[in-house]
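The structure under discussion appears below in the form of structure tokens.
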Amino acid sequence: MSHPKRNARSDRDNFIRLADDVELGEGVRLFSFVNAYGCRIGSHTQVGAFVEIQRGAVIGERCKIQSHTFICEGVTIEDGCFIGHGVMFINDRHPRAVNPDGSLQARNDWRCEPTHVRRGASIGSGAVILCGVTIGEGALVGAGAVVTRDVPAGKTVAGVPARERAQRILSGAV
Amino acid sequence: MSHPKRNARSDRDNFIRLADDVELGEGVRLFSFVNAYGCRIGSHTQVGAFVEIQRGAVIGERCKIQSHTFICEGVTIEDGCFIGHGVMFINDRHPRAVNPDGSLQARNDWRCEPTHVRRGASIGSGAVILCGVTIGEGALVGAGAVVTRDVPAGKTVAGVPARERAQRILSGAV
Amino acid sequence: MSHPKRNARSDRDNFIRLADDVELGEGVRLFSFVNAYGCRIGSHTQVGAFVEIQRGAVIGERCKIQSHTFICEGVTIEDGCFIGHGVMFINDRHPRAVNPDGSLQARNDWRCEPTHVRRGASIGSGAVILCGVTIGEGALVGAGAVVTRDVPAGKTVAGVPARERAQRILSGAV
């Protein structure tokens, strides 16, 4: 058994594992049970429990990243975004564990597709965000939605797959 | 970087963070990796790994709260309920990280809408429960459902959005 | 309050709780915040953060089990499978917290239905896998899908409930 080789500060009382290469702005609040490495988190952003933020992810200022959410390499979240609980970002369109020769895939064996969440957007809890999409400025993604294509600025989407909805049901998830 | 100011007992061997203001009934079982604060958990209820229970949540007796589930402020779960794995409750219909002036939202900047899960109800894994709904006594929510409105007592719902289904497919998720 | 009685090695720096009865192959990599007991994990498999693997689960060699995923009793995952982030497996078709007499259900009060994931299959992030199904060799389950029946070998499914899709949208989640 082995562990990934990282220089990390482990906070045993708050159950936080923060790699030395994480760049934190001023006044960032990390709640308990956070795992972060190689990422940037802007000033005054809050990160909830049971959140993982991977190498290469960039999160802006004054965001709320809620519990149980996974933010992967390739994801850029601009300032003032709300990312709900249990939101899953994706960066690999064709995920496989192994190569055709049976060897375990390494970082060079797959292509990372970027995802952008523009300023002030909100993503509801339990949403799944496919890779290669842009969620526009101030847009709203309903809870439980599966986003498979771009969301225009200021629009509301919901459902599986996510489609545009009238503003009044913005959080209605459907 | 800062942490939320809470008086909490950290159990470093079981990776549990239990705030001093949690009210626990008799014989409550907390599995590993639990984060709970300001809530009430009734007697003989079990709470699985990677669960967060927020301030103001109330959970009855003899419930099973399974792993990876998030229970927020405003949620009341009565006795004998089964809450599956990865279930996300919601309490804010219009979530935003920041106010119109750009400042980070604080607790008084949004309205908490309550959710009730009545006695003996079961919620399947991966379900998302929108706020302001009541899940009736003995009702069943299928796995992966997104519940956007009340579920009558004894009924089964499934799908996105969740709609009533025949009893025989009660766990069929669709 | 009580904790489950298990002999376990707690790794306080990596936040890992590994019961003594876990069988690990060679070169298994466990990331941080893992809870595993009574399971078998094959050689060179990787297990991400915030993953729980329960008693009786069997995972093959060279698999990738990504963060926030729950693998329960009754689940068998063969070699070379990719299990995305936030994937929920299920083993109880009729989950209830309590018996008709009001007592908390124990292990003998419900029936575990097995699930098989065959060699080389990939399951997208946020998918929910109902119990009693087989996901065939090399099959692909789209992100956010709810799988309610068998997936034939080599096929791609997506949506809620999951249905067969053309190969080209294999990761398109819908």
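As written, the chain order gives the labels A, B and C, with residue 1 at the start of each chain.
The rule we apply is simple: a contact is a pair of C-beta atoms (placed from the backbone, for glycine too) under 8 Å apart; a residue touches a chain by one contact, two chains touch by 3 or more.
All values derive from a computational prediction rather than experimental measurement.
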Seminar exercise, completed: Given that chain B and chain C share one sequence, their CA atoms superpose after a rotation (degrees, nearest 5) of 120
For this session: Taking all residue numbers used at the chain A/chain B interface, answer same if over half belong to both copies and different if under half do.
Result: different
Exercise. CA centre of chain A versus CA centre of chain B: separation in Å?
Worked result: 22
For this session: Quick one: which residues in chain B touch 2 or more of the other chains?
Result: 12, 15, 33, 50, 68, 86, 126, 160
Exercise. Can you list the chain B residues touching chain C in their complex?
Worked result: 12-15, 24, 27-33, 44, 46, 48-50, 62-64, 67-68, 80-82, 84-86, 120, 122, 124-126, 143-144, 159-160, 170-174
For this session: Could you please specify the touching residues of chain A with respect to chain C in the complex?
Result: 1-4, 10, 12, 15, 17, 33, 35, 50, 52, 68, 70, 72, 86, 88, 90, 92-98, 102-105, 126, 128, 130-131, 146, 148, 160-161
